[in-house]
Each structure stands twice: as C-alpha cells, then as structure tokens.
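After this come two complexes, each holding chain A, first together with chain B and then together with chain C.
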Partner chain A sequence: MSNIAGKAYAMNVITPIRWYMTWINRLIFKIALKNPETLKGLITLSLIHYARWVIVPRSGFPRLDPSQPKEDLQYSYMLFFSNFNGSWDQYVDSFTFAIPAGLDLFWKWNIRYPKSVPLTPFHKYIRHNQIDTLHYYNAYPMASSNDIKSAQKIKKALIDFNTTSVNKTPDDFLKDYNKLLIDLQHHFGDMKPTPIVSLSADAVKKRYLQSHLNSN
Partner chain B sequence: MTYKLDLTDIQGNIIKAYGSYNYQKARYLLFRVNDGDKGRQFVGAIATKVTSAVPWGKLEGNAVAGKPQATTNIAFTYMGLQALELPDASLRGFPEDFMMGMAERKEILGDDGPSDPKFWDRIWKEDVHIWISINGQSIEAVEERYDWILQQIDACKNGVTLLMGHRGETGEDNLPYQDASVLYDNNGAPSPKEHFGYTDGIGDAVFEGQTNVAARALGRGKLTRDGNWEPLATGEFLLGHVDEAMEYPRTAPTPALLAHNGTYMVYRKLHENVGTFNRFLDEQSKTFSGSKELLAAKFSGRWRDNGAPIVNAPDDTSKAEWDKRFAAADFAGKKRMLSDFTYNEDMHGAKCPFSAHLRRINPRGSLEFGVRDAYETPGALVNRRRIIRRGLPYGTVKDATRDDGNHGIIFMALNADIQRQFEFIQQQWINYANDFKEGNDKEVLLGNHDADSPGKVVIHTDPDSGKPPHFVTNIPRLVETRGGGYFFIPSITAVKLIAAGLIDPT
Partner chain C sequence: MATKNGNATALTVLSPIKNAVMGETSCADITRERCLSLPIHEKSPLARVPNTYLARLFVLDDVYYESLPASDCVFNFSDITSFFSDSARKKALPRKDHLKSKYLVFSSNFYGDLDAYLAGLWKNWSYIDLSGNQRDVRHIWEYCVAFDRVTDISSFIDYIKRCQLDASLFFNGSTDDSLQEQLKSLYLKQEFTRFAIEHQGKNAAEIQQDFKTFIQRVQPENLSSPTWPPGKSAP
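What follows is the complex of A and B.
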C-alpha cells in the first residue's frame, strides 16, 4: 500500500454532502469548467499533475452484481481525485495558501468541512476522509506532469525543426536553431529520480527492491 | 498595530545577527551531559550569562542592556533534553525531525557522497547534547568567555564534557571548538564576504515584533497583492505565537512555557570547494557571452562585489549605473536597494535565472509564473517556507586552487518547523526544481551535484533578444556538508526552568 508512485502522490478523498445540496456543487463545477479563468490558481500550481471532482449521488454507487444489496445512504458524496508532487503533508501549505477560496467553494456544502484556514483542521479533514491507494501504477515514474508536458513540447518542436531544416544554409540553420533554443528554454529540466517523499515511504521502497533482488 | 515581543525572554541570536553588530569572531562548543543533576547545574550557570534580545543601549521595559564584549547563547538536541531529564510527556511533544536529528535525515537533505555523515567532523559521532555559542567583538573577548565556560564545567563537577573532534586549520581533527570569523579585505577591514567571494547575509526574513519592522520588511517580509511588503507572522520563527496559517505552531512541546519564545535551529558546517569553484567559473565563462562576474552573479542572484541583485542590474552596463546610485544612497537607501525587489519584470528569468540561489530560496512572487492574481497572495507558496539565517565563515583560503583547506561557512537556519521550512527549501528548491518547472535541475552553488551524473542549469535569455540561452554544464559539488545537527533554542525562562528541573507538563 502506498499513495506514492514515482514522482506522483495519489489522493482519493470522499466526503459526504447533503443530497439536496449537490445541485449547487454541480452548478459550481459547470461554471468553473466554462470559465477556465476561475481555475487559474489550480492550473498555475505546477505541483499538481491532475485534479478532478465528481458528485456521486446517494443512489449512484456502483454494485458489482445485481445480487449485491443496495445500500441505503443518507448522504450523497463528493469524490476528489488528484495526483501531485510530494505528499499531502509536504504540500498542504501550498494548496491552502494558494487557493483557499477555491477549496472552500468546492467543499463548502460538504458535511463538517472546516474551511481551509486555519490549516490544521483542514489538513485533518482531508486526511480523515482520504482513502489510501491500494494499487497505483505510474507509466513514467521518473516524470512529473511538468516533465511530460516539456518532453512533448520538445519532441514536437524537434520533429518540426528537422523537417523544415533540410535545405537551410548554415547561417539560417544557426539562426533558427538559436530560436528553437529560446522557444524551449523553459523545458530543458533534467529528468532524474524523485527526491524521497518521506523516510517511511523510502524505507518501504528499499525493502521492496531488496526483496525483489533476493527473489531474482 | 505593533506587536510587542518580550525581548528580555528571547535569546539574542534569534533576533540579532551578531555579525552586523561588529561581533566579528565566534566560537561554537558542543557538550555531552554525563549526569542529569550536575548537567542541570551547568545549564543554570550558563543561564546567568545568556544574552537576551534586548536592544543594546536602549530602554526595554525596566531593563537596560549595555553592549557586551561577548555574547553567549545555548541550545539543546533532543538527546540533550533527554539527558537533562525532561519528562517524557514533554519530550514526546517535540516534532519528528528534531527528535531524529540531522544525520538521520540525510536522505531528505541530500547529504550524500562527500556530504554523507560518515565523512563529517568526527565530533558528530559523539553524543551531542548541548550547543553553546560565543560571539565576540574580539578574539580576546571570545577566549575570556570560553575560559569562563570551562570553569563552569569544573564547578559542576564534570556533569558535562566539552566534546572534541572539530576539524581545524592545519588538518587536526580533535579541536574542542569550532571557530568562525568574518573575512577581512586586503586592508584588514571586515567584509561581508564568504570564501567564493560572494557578499553574504543580506536578505534575512523579517517578522512581526521586530524593531523598525515597516522599513525592514521591504523585500524581506511577505509580498502583498498591491506590491507592498508586510512582516511575516511571528509564529513562523518563534513558538507560542500565531503563524501564517493563523494558528500556533504545532511543533511546540508542552508545557507552553517550555516552548514559548523558543525556536528550532539548524546548524550546518558547510565546506566550500574553493579550487573547484574557481576552475569551474573560469571554464564556464569561456563559453558565456557576458563577463565572468556576470556569470558568477547568475549563479547566486547577486553580484559578488557588493551584493547588487541582478534582477535590477542584469548586465555590466546596468550594474555600473546601479553602483552609482548605490554610492549616492544613504544607509536606509542602500539597504533598500539590496533587498527591495521582485521578479515581476523577469518572468522569463532573463535577468535572474530560476536556478539562482536567491530566486530558489526565496522566489518572492515568481511562483505565480506571471499569471495575474493566480493565487490568494503572490507569496502563497513562499510565506510558509522562510528561514532566518545566522552564521559566519570559518577558516582561511591559503591556496585558491585547492579544495582541501579549511574553509567554509557555519550556517544556521532558524524556523518554527524544520520540516516545513528548512528541509523543504533544501530538498524541493535546492536539490530539485519541479516547483520552478525545471525538473531535477539543482541550484548551482548549494546543490548536491552528483559526480557520476553531473547536472546542468539553463541561464535564460530575453526571448526578444534573439540570443540563445546558455547552458551551464557538468556542475561539480561545490559545497559539502561537514557536520550538523538540529537544536532547540528555548527562551531564557525555559533555560532556567530546565536548569532548575522544574519542567512539568501536567
């Protein structure tokens, strides 16, 4: 069990919300999606790889088989799913102080939501309602979403540059090559292993690698 | 509103950078406690000489403090507080990082390769319990206070042992103290330089409760949306006060009197590879389009000669103009020119690269990446990651082509939460750069560069200039950790309570 895979931390939080209030959240989500400006804080937070909010109606929980008894739930639920850099403990401050109003707006109608500031009650509320990740697959364990976005950008630019450069004179080639470097100057970050997220996570990883080594 | 601190209760080294009050010499001592009772007796004796934060020569309440020839301050490791027999209920309230100590946190700090604790000064293999600092206006004053402290060891019948094992000037590895000193220029005048030639100790964090706080907060507090600066919340640096999260720091042990007006200190002995640095700078400047001094400034964010921030003096011409304005400015104006700036007009890093030391340790408003009003406040990602820096250089450079002399910095960081402040900066911003969208590119000067897989940084250019960015490649390990620990600096009240054996969290 670990919430960490490669350079990403997975967070699943499921919080109860009064079923007759969910329409407000749906409206808020709709408005936010239509006006990306309202999400600019979230988007600018480069530590976040991904974030999604979903309302699960109280009658909408999946059943594996018709024979599984239907649950009679008092509340609907809001699922928050996110992947980000580091860990919740390390980065809770960054979330809270960057986008407190946004967090409060999204969780406002959720049961016993304490508001994002002061920080400790918020930190505990999320941790209390967090469902730890049982299985977590990461296709690019050495990459954060910033790295992947940069790599995509560089790949495309290089392919384009290659096709357009075939018949250039050396002088033009140099000029265009310099321009290529300028265009990409914020996308050249090295990609190496992640700094350790916590000593306990690091210990788990080392034990896993060790036992793998022994069994091979 | 002015927030008033009890300066008679706060240890002086938290509020004052002694170096800027003409205390040019310092000596750091480490002790082991052999016996709880006698150890407390020793602490009680030291408590009589502990220097408070009361402004010198001014009235503060009923207390008047003359400026002493030497100051003394005291701090404890977790093991030290155990040895002094603090109750378990109090000990359990300390945070995990402090309990573990620095060596155990090496994976987080990136203290690997030549910085690994196995290569540290051998004193760090001892049971380090108490740290005592002496700052003096002269070496004689330091030595006089040092002799007085030695007498207190005798007086407490060896309840504590002064530990040996600091490395020194001529290769000896058994010194009973670590000396530090400002560096002197060719005329013998004290200078604010360190061994790589950078001007050091300029932009410390400023918090509510310090004197003259409105003027000092410029460029050193927190940036507001309208471009002003306010002091940071006291609780970022002192336990028992409200912090930026509008709560009391969770790192405070109980009872409240043990924690109140205390803080945590990160002590690090950082060796500087002077020969490697000089060769590296020479080599890299051969392919750099600007001057060698400009490249050196790109590494740190400040020009080496006078500390001019490159964001306001981004090339040789503008530097010459900056120097003229600086020469004409009065004392307050000079301070302001050195500290009061942002990266708002430098979102591409063409003036000050994202990898520059200054921009990494305090990004000011730049983590909004130029997105207007992205966050609640421009410093949203920064205000909880600030530290107060203390310390002085140690040793002398006898041969600027070599690394193996005795030269570096005694670095001390003060903060209310080591994990959230110092360790975060070291791990996420110096040795990693995802927050800056620079992948694993490490800060040039302090990064734990790996000899087997050396890193690089990009020196950005203005996109309109047509000039390609410069790549600084094959960066060697320029600074190595040679020792260090995590300490608790209690208030003077708490030092006395510890000495009296009166700490009781019930």
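What follows is the complex of A and C.
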C-alpha cells in the first residue's frame, strides 16, 4: 500500500447514496462548477493538488462482456479521490474546521453520513469508507500545490525581469532586483523531500531505497 | 461534463477483473501484487507517460456496508415507528450491497486531451520488474475482462474509454500548465531561491554579472533543459 508519494497523500473514499437522490448531488456539483466562488473555501485551504467526485449509478459499473456478471446494487455510489499535502488528520480536520457546511452539502445525501461536525464520527466515517492505494505516482514529490503555484509566478517574474532590467545600470538593476525579491518573497523556498512524519511515510522511503538497491 | 478543468483532465477508469483463479491465486490478487510491486517516484512507469501530474492504481474489492451509527438526514420516520415495531427498526438498517466483480481502478490527473494521453500511456509505460523483466502497460491490465482484445493503441484507447467514468466535479487546486512547464517552473523556483540567498549583501555590479550567468545556465524559456525530471524525489 502506498497512499503517500512525497508531499502528496492519495485519498480514495467510496460511499453509497440512494439512487433516487443522486440528482440532488449532481445539481449541487453543477452549481459548484458554474459558480467557482462556492469552492473558495477549498481554494483558501490551499492543500489540494487535484480532487474529484464521481457518481456511479447503480447500473453504471462498467460491464465489458456478457461473461462478466451483471452488478445488482441497491445504491448508487459516490467516489471521492483527492491528492493533498500533509497528513490524513490535517486534511480531514481542516475540512471540519474550515468548510464544514460545504462538506456536508456534498455528502449529505450519502447513507449514514454523520456530518463533518463533530470530528470523531466524521473521522470514523472516512476511515470506514476509505480504500488504500496500491501505487501512487506524483510528478513532483518534493513540491506542494502551493510550491507549484509559486513556481509559476516566479518563472513569469524572472522572465519579465530579465527582459526589462538586466541591461540597466548596476544601481538601477539592483533597485529592480530588490523589488523583484520583495514581490516574490512569499513564493521562495527550498524544496526538499518531506520529513518522515509517519510509519507509512517511512515504509515508502524504505521501499524506494530497496528498489534502488535492486536496480543497481 | 466536469472531467476537464481548464487544460487539466481527470481520468477515472474502473476495469473489471476476471473472476478467475490462476494456479492458487485470484486474478484480482495477481493484479494487486503487480500494482504493489511497481517501482516508485522517478522509476514509476507513470514518470515516462507524458503530462501525468498525479495518478494512482488500486483494486476495488467491494463496497462497504454502512454499519456505523449516524442519523440519516431525511429518512428518520423509523425513529418514531421503531418505538412500536421491531420490523420497522430492522427495516431502517442500511441495505447490504456487494460487487460481483472486483475492479482495477486507475485515476489520473493530467494535462491535455484524453486520446493523446492514452496513446502516451500505451507507448511509454515501461519498467523493469523485480525479476528483471521488461514490462509494458499490458502487464497491469492483463487479467481485466476483455483486455485480451486489446492489441494496439486504438483498441487500448477504446478499451479505457469503455471503462471510463465521468467526474461530476473536478477541482483543480494547482495549475493547469503542461507538466513540462510545471517542472521547469519548480526547477527555476529552486535555483532562483538559492541564487537570492547566495547573493545577499553583494554589490550591484557583482549581482548583475552573476545574474546574467545564472540566466544563461538556467535558460528560463527552455522547457526541455535544464529542468526537473518527472518524479524527482531528491534534490
């Protein structure tokens, strides 16, 4: 199992929802899509790379051949996949404390959803319905989603600065350079492997070192 | 359809695994073992697949029974009727569901269009397993239902599309730049941060001269080099 890839954690949650209530969820998701400000809480939390909600109708599991038994389900299912920075507890707790109403809106119609407040039943609900990842790949294990957004700003600023200021007199160059550093100060930072904060992260590191030993 | 958010795409694939046993091991367990033994980070086969931001594989064995106590938002008549009737109390329990197949789940967040991405997946997924054998993408999907009909790029793309589920909501908390652009930006962030630290307190002419040398070295507009390789896990 490998829910961790560098600074990212892969969460998979599958929860049942009454098939005749899925239209409400679809409507809520559609409204959220059309009005991105409804997701402002998630953006402010700033710890997610990418996340998605997928509703699988009870007759919607892929069936590719007549030899494959047809699913006979009483509920539809909602899949939630997230790629976030930090630990499991930090992520789940930040939802509860920062955007509990939004969270309840997305899961409200799921069977036995306990609501995001109080915390302990919500923790149990997520743990109960979570599936571990077997292989998790992250193109930038050393970077958080904030690093990627900061890097985008630094690249643009660096190219602009190089175009406008590099051939000025040394004193004017320094003035612009100092302004550049002040403008970018919140975006700097040395990126390194994430500290080992859990037994799972330690296990991933050991697997990585072992695979390197095997290949050398 | 919410499978796209700007240039970023969310691919969700559920491929049914054959309900068969090979020797003493089920096809699902063979698939699980193969996913588990994929090399990670830079050596993951997904590091070779162009424009993959983050991706994962797991096996969905079954759905869960909601056995935990919680109130059920609108269907609480049973709270009243169950005072009077045992059967009403029992009927208020959630139903039990079981899947008849296990599913290999592949979820990927990537830049660009689906067909080009899947073609890249077919062509570039490659790694050497622990026994020293060269493996391609067919090794992971081998025991999935109807995958034996996949013989080339176009049949692979068709197959994955048959297994694809649309996202109802795809949230992008990062950027939707190409992976090359993201990796180059991260490389520049790292290098420029170090440059700024090393040049604190130096005089204007020296910083200017060194900055020109720095720009020549890092080539900010050259996306292919120098840059971070995909999956880079150590400085």
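Remarks
Basically, the second predicted complex is superposed on the first by the 191 of 216 C-alpha atoms of A that agree within 3 Å, B and C clash if a C-alpha of one lies under 4 Å from a C-alpha of the other, contacts with A are read in each partner's own complex, and residues count from 1 in each chain.
Here is the rule we use: a residue touches a chain if its C-beta (ideal position, glycine included) is under 8 Å from a C-beta of that chain, and two chains touch if they have at least 3 such contacts.
The structure displayed is predicted, hence computed values, not measured ones.
Clash-free side-by-side placement of chain B and chain C is the outcome of superposition onto chain A.
When the two complexes are overlaid on their common chain A, residue A:F188 makes contact with chain B and with chain C alike. Of the two partners, chain B and chain C, it is C that touches more residues of chain A. Judged by the touch definition given at the top, the superposed model places A:L199 against chain B, while chain C stays out of reach.
Once the two complexes are overlaid on the shared chain, A:A139 sits against chain C while remaining clear of chain B. Judged by the touch definition given at the top, the superposed model places A:S150 against both chain B and chain C.
After overlaying the two complexes on the shared chain, residue contacts for A:P100 are found with chain B alone; chain C is out of touch. By the touch criterion defined above, A:Q74 reaches chain C but does not reach chain B. Of the two partner chains placed around the shared chain by superposition, chain B is the only one that A:V117 touches, whereas chain C remains out of contact.
Shared-chain residue A:S46: touches chain B and chain C both. Within the superposed three-chain model, A:W23 lies out of touch with both chain B and chain C [touch as defined at top].
After superposing the two complexes on chain A, the closest approach between C-alpha atoms of chain B and chain C comes to 6 Å.
Applying the stated touch rule to the two superposed structures, the overlap between the chain B and chain C interfaces on chain A comprises residues 43, 46-47, 147, 150, 177, 181, 188-193. For chain A in complex with chain B, the residues that touch the partner chain are 7, 40-41, 43-47, 85-86, 90, 93-94, 96-101, 117-120, 144, 146-147, 150, 177-179, 181-183, 185-186, 188-196, 199, 202. Residue ranges on chain C touching chain A, taken from their complex, read 2, 8, 10, 12, 14-16, 19, 32, 35-36, 38-41, 43-44, 46-47, 52-60, 63-64, 66-73, 94-95, 97, 99-101, 103, 105, 107, 109, 128, 130, 145-146, 159, 162-163, 165-175, 177, 179, 181-186, 188-190, 192-194, 196, 203-205, 207-208, 211-212, 215, 220-221, 228, 230-235. By the touch criterion given at the top, residues 105, 107-108, 110, 244-247, 250, 348-349, 367-369, 371, 373-377, 380-381, 383-385, 420, 424, 427-428, 431-441, 453, 455-456, 458, 460-461, 463, 466-469, 471 of chain B touch chain A in their complex. Partner chain C is touched in their complex by these residues of chain A: 1-2, 5-6, 8, 10, 12, 14-16, 25-26, 29-30, 32-33, 39, 42-43, 46-56, 60-65, 67-75, 77, 79, 81, 83, 108-109, 111-115, 121, 124-125, 128-129, 131-143, 145, 147-152, 154-155, 158-159, 162, 166, 170-171, 173-174, 177, 181, 187-193, 204, 207-208, 211-212, 214-215.
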